[in-house]
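As written, the chain order gives the labels A, B, C, D, E and F, with residue 1 at the start of each chain.
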Amino acid sequence: MGKVYTGFGYWDVGAWILFFAVAAFYILWLRSQGRSDYKKGTAQDEIYWSGNEVPEDGADLTVPASSAYWGFRKALEPFYKGLLGMHTGLPADVVGYYVLTVAVLAVFVLLV
Amino acid sequence: MNWNEHFPALLLIIPLFGAFLAPVCSLGGKMARNILLVAASFLTLVVAFLLWRSVLANGIQYYVMGGENFRLALPSGMALPVRIILEVDAFSAFMALCGSIAAFAGALFSVNYMNRFSGQSRFTSLYLLLATGMLGMMITGDLFNFFIFIEISSIASFGLIAFWRDKPSAIEASLKYTLVSQVGSMLILIAAGSLYGKYNALNMAAIGSSLTMGTMEKLALVFLVGSLAMKCGAFPMHMWLPDAYAEAPTGVTCLLVAVSQASLYGLMRVCFSIYGVAMGSTFVPWMIIIFGLASMFFGVSMAVVQHDIKRLMGYHSVSQVGYMLLGLGVGLLVLGDARGMADFGFTAIKGGVFHVFNYTMYKALLFLTAGALYYATGKKDLNEMGGLARRMPYTTFMFVIAAAAISGLPPFNGFVSKLLIYESSFAVHPSLAVVALLTSVLTLASFVKVFQTAFLGPEKNNLLHVQEVPPAMLLGMVVLTAAILGATLFPSWTLSNLVEPAARALVDQSGYIGAIVGGGM
Amino acid sequence: MNNMLHVVVLALLVLSAFFALWFKDLISSVISLAAFSVMTALEFYILQAPDVAIAEAAIGAGLSTTIYIIAIRACGKVKKSDGGDGR
Amino acid sequence: MKKIIFIVAAIIVGAMVVGAVDSIRPFGEPGASPMDDYFIASALKDRSSENVVTSIVFDYRGFDTIGEAAVLFTALCAITALFREGRKKL
Amino acid sequence: MRPLSVVVRTGCDLFAWFLIVFGANVIIHGDVTPGGGFQGGAVAATFITLLLVAYGGKKVFSWVRPGIFNGMLIFGLMAFFLLGLMGFPNSFFYNFIAVPHEVVQATGHGVIPPSGTIALMDIAVGIEVAGALSIIVLSMFRGIRLFREGPMEEESGHDR
Amino acid sequence: MIGNAPFFVVGVLFLMGLVSLFLSKNLIKIAIAISIIGSAVNIFLVSLGYRAGGTIPVHFLAGEGSTMVLPTPQAMTLTAIVIALATTALLLSLIMLVWRHYGTLDIDEIRRLRG
């Protein structure tokens, strides 16, 4: 069923679904090999947080979305500075970039 | 009378009549209005489906508006058509099908979503008019009529984006879109007028049959390409798009996605069917490819740093439009070259067209899930969300499917279309494929962020009252999920029945022209 | 004669458009715009398009100006109560 | 700085518009015009409409006109939706 | 807007009604003389703006109800649409009752205008445009009222 | 003979409107600029249809056997005028609401959505 030829190879969704089924089966088997002396509600269940005190309310500990990929943003700081500087949000700029693009296109199309 | 043949007209008549009927229907109360909204969009979907079937079976359908016979394209003794002609080939029918699925899902979603707001009668009218404008852009074969449908869809979207007029940001987004869109529309009108002035015809096929490149034609091409690329959100002109998508009511955003696809359709129609091989230089295809690459990369890198969920998805729209521009631009690059077309060009066009379908489905679904989150929690900022997976299991499930599809994870349909685009653009130049792959990685990264912060993690205290959204909204999402899963599980069926006829119709310029002008090529 | 009139109308078109864009005062600007519309209607009439001329005269000079004046009136209002107008 | 670039771009686009408009054909000499001649000839003959423009607006290109009525209706819906009586806070 | 001086009001009383008559004339003779639905509708709609300018909003709103214009709009749109729909066995917008010119000259014509749907659509569009433009002007005028009150009415739905 | 003067004027009007989109700070001036661009396009369409020595495209007034100007651009312009009016009205409504929310008409201060 379902082979999609791309001109260089093909893509078969059936094989992938088969692969996922096998992988899922393997994972379930692996999980069933876990320790059998685990019990819920005992001291085994407690969180270990590098020796610090674990706070009661975990909600305040989540990483907020604006801090996600902080390192990525930090590493690419010049790039993002330029890119965010372009998105000033001014209505005149929105029109201006459009007019600029049309002008550049027109000049090049007439020259080439 | 055979109703089969009237489908092109009915596809526009039904939503238009629904829009005109909405003020009358709203006298009958909220229920009548909601039934009108859903029924009109459902009937449109049915007609679009039947039209697509009949186009696949019988080839290009055209419909002469106002003729003695709707088949009489050329009145006696004329070489060029004089009336407005709706021309539906497989590509238009495919786009209309995608658009009407999105419109139906958005309408189902809006029934509950807009329940708490005032002004619903006007909302119904504007929604159906937006759908009319979108479908009209997709199936018309006349340049000036195309301009009118662009205006209908853009004015309706100005109104709908600013619909929550008590939020300053909504007004601001609408104002920006209005300014840039008006300038664009005027350039489109100048281009249409110039083409009319030279060839004394407004029909796209008639213009295409007698087009020879000159200064005026080059400039008209630039105006059309620039304006339509702006309308679908190519990179340096995309700034209105995240604002507008983020501030519109969600059911509308779902339809705005399809409207931007209609602009893409117009761009492709101009490039492939009107200009086609007469374009001569490869500059415009390369420019479209560069637009595509820039939109992909910069769009997604802006999306990674956003924390407003709908704005993030708006930037993703920019980057996904880039894929289609890349695929179709690669196809346009080798349009006159039979060997290159057989080698990789046709694959690229197939990839681009398939991506149009996939993009419309999963991006509409993503916006609907974002709207469901907003409906349930009243928040759009990701920083304030967390742990919603337990409260909203169905929404979470559908979000995961859509996010996996947009990121191009292997079993899903997004992967198939991206694979086609990667491999064919690799044949042009390896760096194109590299940028596309990098974009895919960053897309996955940003959706992992959304999934992790909104759905996983501990529940926030202020979100304990959250419930799953009502069934009508879920139904709207299920429609799109079913489309995604269908395209995922049966990719070869989808490609051979849905995508390949459309791609073949797109590259077949002489077929498009010959259907109207009658072998005048 | 007709050519003379045509050139004069075209010159007045550019002139009134320039004044509509140049005036700092909004009301003067809008009135220049109305004059521009009238000139446009005249130009349409010279180009043998009376249908369009009627539409342009009614819409451009009549309705459009009214809408502009309504908008200018509306945008003056809050300023008076907000600004230090004795209060 | 950015503003100057935009203004230069606007001037270029305006010059291009002048160029495009200017290079169509000389003013007042349309050359062959089969479509319009067809309208002029058949408006009175088939439709008994003395005014050719009206017969184009409502007959030959009538679909444009309904689109245009729809544009007016759309603008009306949008404006009345913008200035609607809002529901008070519950 | 505050009402203007008595001279302007008297002038308005005298001339405003001619606008309606002129508009109706332009609409009805749309297929014979220059003019048509849009032009006549726009001319007729200037009537309401003239009243607004001369008398101010308060009086005008006590005279007219927007429901009338809404009715005109819906009636015009529906009539236009249905006239288009009636050409259906042939095609949408087919002019199904036009009489060719020779026939008119030979036999004269009866009740329906010889140009068929052109004249009827003229009337429908004229009514629609007059209603629509009046509503646009009136609702923009009432929009000023938004500025007088304190905070704008908040929608109830944004938060739950 | 006036040559291509109407076309040239169309271009000049378009250029003036486009440049003053960036030069003016007031939103209402920008709406006026957009109106002028729209009018320029309308004049362009009508002047496309002009035929030297042509008469009004109304048989009743033109008389027998005279050449008429091309009627299609006039029909297109009628449509374009009403569209321009609709967008102008909507733009001004949006500007009124911007004033209501932001308290200013300065285009450089309307930038709540950025980044």
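Heads up, the rule we're going with is that contacts are C-beta pairs under 8 Å (C-beta built on N, C-alpha and C of every residue); 3 or more make two chains touch, one makes a residue touch a chain.
Predicted, not measured: the structure shown is a model, and the values here were computed from it.
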If a chain touches subunit D and subunit F alike, it appears here: A, B, C, E
Lowest number of touching-chain links that must be crossed from subunit A to subunit E: 2
More contacts between chains, A-B or A-D: A-B
Reference subunit B; chain at largest CA-centroid distance: C
Chain occupying the most central position, where position means C-alpha average: B
Inter-chain centre distance, subunit D versus subunit E - centres from mean C-alpha coordinates, in Å: 20
Euclidean distance of C-alpha centroids - subunit B vs subunit F, Å: 28
Subunit C and subunit E: spacing of chain centres that average the CA atoms, whole Å: 23
Shared-contact residues (touching 2 or more other chains) in subunit C: 49-51, 55, 59, 63, 67, 70-71, 74, 78
Contacts with 2+ other chains: residues of subunit E: 32-36, 38-39, 77, 81, 92-93, 95, 129, 133, 136, 140, 143-144, 146-147, 152-156
For subunit D, residues that touch 2 or more chains besides their own: 3, 6, 10, 13, 16-17, 19, 21, 24, 30, 33, 35-36, 39, 44, 50-51, 53-54, 57, 59, 61-68, 71-75, 78-80, 82-83, 85-87
Pairwise chain contacts, counting only pairs that touch as defined: A-B, A-D, A-F, B-D, B-E, B-F, C-D, C-E, C-F, D-E, D-F, E-F
Residue ranges of subunit E in contact with subunit B within the complex: 70, 74, 77-78, 81, 85, 87-95, 152-160
Sites on subunit D touched by subunit E in the complex: 44-51, 53-55, 57-59, 62-63, 65-66, 69, 72-73, 75-76, 79-80, 82-83, 85-90
Subunit D - residues contacting subunit A, complex: 2-3, 5-6, 8-10, 12-13, 16
Touching residues (chain side subunit A, partner subunit D) in the complex: 92-93, 95-96, 99-100, 102-104, 106-107, 110
Footprint of subunit F on subunit C - complex, ascending: 3, 6-7, 10, 13-14, 17-18, 20-21, 26, 29-30, 33, 36-37, 40, 43-44, 47-52, 55-56, 59-60, 63-64, 67-68, 70-72, 74-75, 78-79, 82
